[in-house]
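Quick heads-up: structures coming right below.
The two complexes that follow have chain A in common; it is paired with chain B in the first and with chain C in the second.
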Partner chain A sequence: MVAQQIVNGLMLGAIYMLVAVAFTLAIGVLNFLNFSLPGLFMAGGMLAFGLMKAGWPFLLAAAGALAAAAFISLLVERFAYRPMQGGDPEVPLVSSLGFLVLLENLMLVQFGSDQQAFPALLPDLNLRLGGLVIGYAQLASLLLSLGLVAVLSFVLAKTAAGRRIRTVAESRETALLMGIDIARLVPQLFVASAALAALAGILFAVNYQQVSPFMGEGVGFKGVAAMIVGGMGSIWGAVLGGLLIGLAEVVSISFIGADVVNITVYGLLLLILIVRPQGLMGRAPSREKL
Partner chain B sequence: MALLEVSALSVSYGRVAALTDVSLRVQEGEIVTVLGANGAGKSTLLKAILGAVPVKGGGIAFADTDLTRAAPHKRMGAGLVLVPEGRRILISLTVEENLLLGAHMRRDTAAIRREMDAIYGRFSNLAERRHMLASCLSGGEQQMLAIGRAMMAKPRLMMLDEPSLGLSPLFVEKLFDLICELNRDGLSVLLVEQNTGKALKVAHAATVLELGRVTMDGDPKALAADPRLQDAYLGGAGGH
Partner chain C sequence: MSGYLTGVLVVLAFNVMAAYAVYLPLAAGQLNLGIAGFMAIGAYGSAFLTNEYMWPMWAAIPAGALAAGLTGFLIGLPVLRTHGIYFAMATFALGQVISAVFLNLEVVGGAAGYPVTDYAGPNVVFAAAAGVVLLMLYISRTRFALELTAVKSDATVADLLGVPVRGMKVAAFALGAMVAGFGGALYAHHYNFVEAQHFNVLLSVFTVLYVLFGGTQTVWGPLVGAAFFTLVPELLRASDQWRYALFAVFIIVFMAIRPQGLVTAALFRLFRRRAPEASS
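Showing the complex of A and B:
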């Protein structure tokens, strides 16, 4: 029973992890708490749902949803982030929140406010291991998420593109003097974090077989919590934070009750902030963050 | 034609003119030095040549190509590389990652590896600390790293902004030896310096900036003997 809950918690945690990595990429490199990401998470799930309803096969619908999310993220960059450069960091935060509200209401107009059933892709196909039941779809999404994060981490640590990104994260001015094409790199980062968030939304829809225009809010805030628990700007911190929050949520639902979920999750966040303010894997603050 | 041709360049920060009608050329294989007091516009000149600040008027041509409106990464791709003021080492990157950052636009992995080994051969302090964060280096070592990083970009013209600033006399000697050595190997150099005496000794041509305008230029030996320059920068006998 406990083992089963741990498995379920890790599956949910994988979703939070992707969202947390998307947040941490934006805040670590661009110093931007991008609140359109929960909207892109929701857009991923909702658009995949809408395209499948229009008759597209799943993989094509997922690709379409990812492409749409990437495009929306470029709009966020163009209209919420770029014009505010050099000003207060709070301004793009608020305008990105505006994008979240806009996206939610566009979906509401298109699909209505009700929760919709997302079709089961692999109906009742489960892996049974001893007493454990693991859905293949869930297992696949956990492995896909971890694989993606590992690739991202490798790119950041070992490639020329990763060194460029880390240079921009440390100092934009130095990056400019080193001949880094910041005007191209920033939109690429927006596309990358949007793809992670939208993929998380698609995986959420597949695993829990439900979508709604407001599915991004709860998951988005838990993604932010996961990022802070793990340490802002740290990829593996976001992984750890995401999995921990997922575990805390599932375990407290099954042993205490659904009413206390937010108390456990945000209690964990509060505890970490008191004991280790920089997060589990974060470095002590060396420069001002939001 | 000269390797670098700056003609009647003007740059303003807001309404404040930082450079007015500055002209300068660097021939292939030369060391050209730009002298002047603090705030004379020397750093702005190098940044404008690199494209990091917008120009208001005039032109910049490098290797027979007009680069006046080109982005910095285009200019670096053409071989125009800056060793910035204050070195600007990336302290969250290791020594080796800083060197590799210099080569971030290149794809020739084998040559990059070879050149990095050559730099390690030249600067054994960097080789010993290659996997440590660059923040652990001394000021002199950081300057060597900044120059090494610029070399990794395969420069045709290396621009150095106050490289001797804050270095011990021993490192200043090493630095000027290194600049001369790189120049003998064929590298053209545009050197901004406050150490006027040393800069005039190694340069083939010199330009003096005052409040964003060229007030003197020409042969460094003649400039070194010029009483006006003696008074202003060489602590000459004249005094005021």
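Showing the complex of A and C:
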């Protein structure tokens, strides 16, 4: 029973992990709390659903949803992020929220506000290990998420592109002086984080077989929590945070009740912020003024 | 006044109070993403006093506001150790925890909600909102507001000049929480029903949206922002299901053109310069 809950928690955590990594890319490098990411998460799931309803095969529909999310994210970069440079750090938050509202309402107009059933791709295929039941779809998405994160972390650590990104994260001015083409790098980052969020949305739809125009809010905010618990700007921190939040959620639902989820999840977040603001795996922030 | 218009104006009054609750800490550079939690404290606190202890409304509502302010003060002390985005996320988590606690408190009805017996009419709500606006206008002319701006602009310099930076931040945060609790307490007594689900993260986030949209440079920004966000979706009602989509597009375009918000200090200077010219 306990082991089964832990497995379920890790599976849910894999989704939060991808969303948290998407947030951490935007925050760690661009210092931008991108509230359109929950919208892109939802768009990933909803568009995959819509395209499959139109008769597309799953992989094509998923690819279409990812491409659409990447395109929307470029719009977010163009209209929410780029014009705000040099202003108050809170301001891009408003426009990215505007995108969240816009995406939700476009989907609402298109598909209605009800929860829709996402077709089961791997009907009832479960792996039985001892007493544990693990869905193949869930196992596949956990492995896919971990694999993606490993690739991402390798790219950031070892490749030239990764070094460029880390330079921009360290100091924008220095990166400019070193001849890094920031105007090109930033849209690429937006596409990458959008793809991660949208993929998480598709995996969520496949695993839990439901989509709705508002599915992004709850998951998106827990992704933010996961990112902070792990440590902002740290990829493996986001992984740890995602899994922890997933575990905390599932375990508190099954042992105490569904209503206390927000107390445990966000209580954990608050506690971490007060005791260890840089998160579990984050470096201590270079001391801000005061 | 028609019932519909009164209804819209009451919503406006609540939004204005919430907007100023966000504006106060923001004037000191603190983004509070958990304002709904403090509204919930005010709402549930005052409703509990009128329902269970038969307190009169005029005593229970300020008591609810004080409870929210006190919570803000006590929680502000540890939370204000964090800065910038970390602070915003801490308040975000705080708001979630507070409303989840009320959701699980059976003495106030839990998830089923909490009916409130005493009723505060629309005029009381209007008067309260006007009072909050006047109070903010007064504060904006005091040294306190000046010191908040100093803390926001450059905390190090403010510290060197002898402004108690931490004290200012805690004061702004607690005062904001108190205004939020005041609004929440009135909300409970106007609608005669409180449910924890109403005080969710989107309420907090949208209130921040009003303030940033209106502009944080002057004390008028939150008022204009709240009015805009309340009234324009009503005007767009004709386009029915597209209205929020249209509205969102408008927000995005507007913020791209005018990132500092609708009402700015420069705008005021412009008017002040024009006025003498016109008279001469």
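Rule of thumb we're sticking to: the second predicted complex is superposed on the first by the 286 of 290 C-alpha atoms of A that agree within 3 Å, B and C clash if a C-alpha of one lies under 4 Å from a C-alpha of the other, contacts with A are read in each partner's own complex, and residues count from 1 in each chain.
In this text, a residue touches a chain if its C-beta (ideal position, glycine included) is under 8 Å from a C-beta of that chain, and two chains touch if they have at least 3 such contacts.
Being a predicted model, the structure only gives us computed values, none of them experimental.
A.B. asks: First (chain B), second (chain C), both or neither: which does A:R166 touch?
C.D. replies: It touches chain B, and chain C stays clear.
A.B. asks: Please indicate which partner A:I228 is in contact with in the superposed arrangement: first for chain B, second for chain C, both, or neither.
C.D. replies: second
A.B. asks: After lining up the shared chain so the two structures overlap, which partner does A:G130 touch, if you call chain B first and chain C second: first, second, both or neither?
C.D. replies: After superposition on chain A, A:G130 lies in contact with neither partner.
A.B. asks: For A:L177, select first, second, both or neither according to whether it touches chain B, chain C, the two together, or no partner.
C.D. replies: A:L177 contacts chain B only, not chain C.
A.B. asks: Mind telling me which of the two, chain B or chain C, contacts the most residues of chain A?
C.D. replies: Looking at chain B versus chain C, the one contacting more residues of chain A is C.
A.B. asks: Under the stated touch criterion, which partner chain does A:L93 make contact with: chain B (first), chain C (second), both, or neither?
C.D. replies: second
A.B. asks: Okay, in this complex, where on chain A does chain C touch?
C.D. replies: Its residues touching chain C are 27, 31, 33, 35, 79-80, 83-84, 87-91, 93-95, 97-99, 101-102, 104-106, 108-109, 217, 221, 224-225, 228, 232, 259-263, 265-267, 269-270, 273-274, 277, 285, 288-290.
A.B. asks: Enumerate the contact residues on chain B facing chain A in the complex.
C.D. replies: On the chain B side, the touching residues are 47, 50, 52, 71-73, 75-77, 81-82, 84, 88, 90-93, 97, 100-105, 153.
A.B. asks: Quick check on the complex: what are the chain C residues that touch chain A?
C.D. replies: Within the complex, chain C contacts chain A at residues 26, 31, 78-79, 81-86, 88-90, 92-94, 96-97, 99-101, 103-104, 110-111, 154-156, 159, 165, 201-202, 205, 208-209, 212-213, 216, 241-242, 244-245, 247-249, 251-253, 255-257, 259-261.
A.B. asks: State the interface residues of chain A toward chain B in the complex, per the touch definition above.
C.D. replies: 160, 163-164, 166-167, 169-171, 173-174, 176-181, 183
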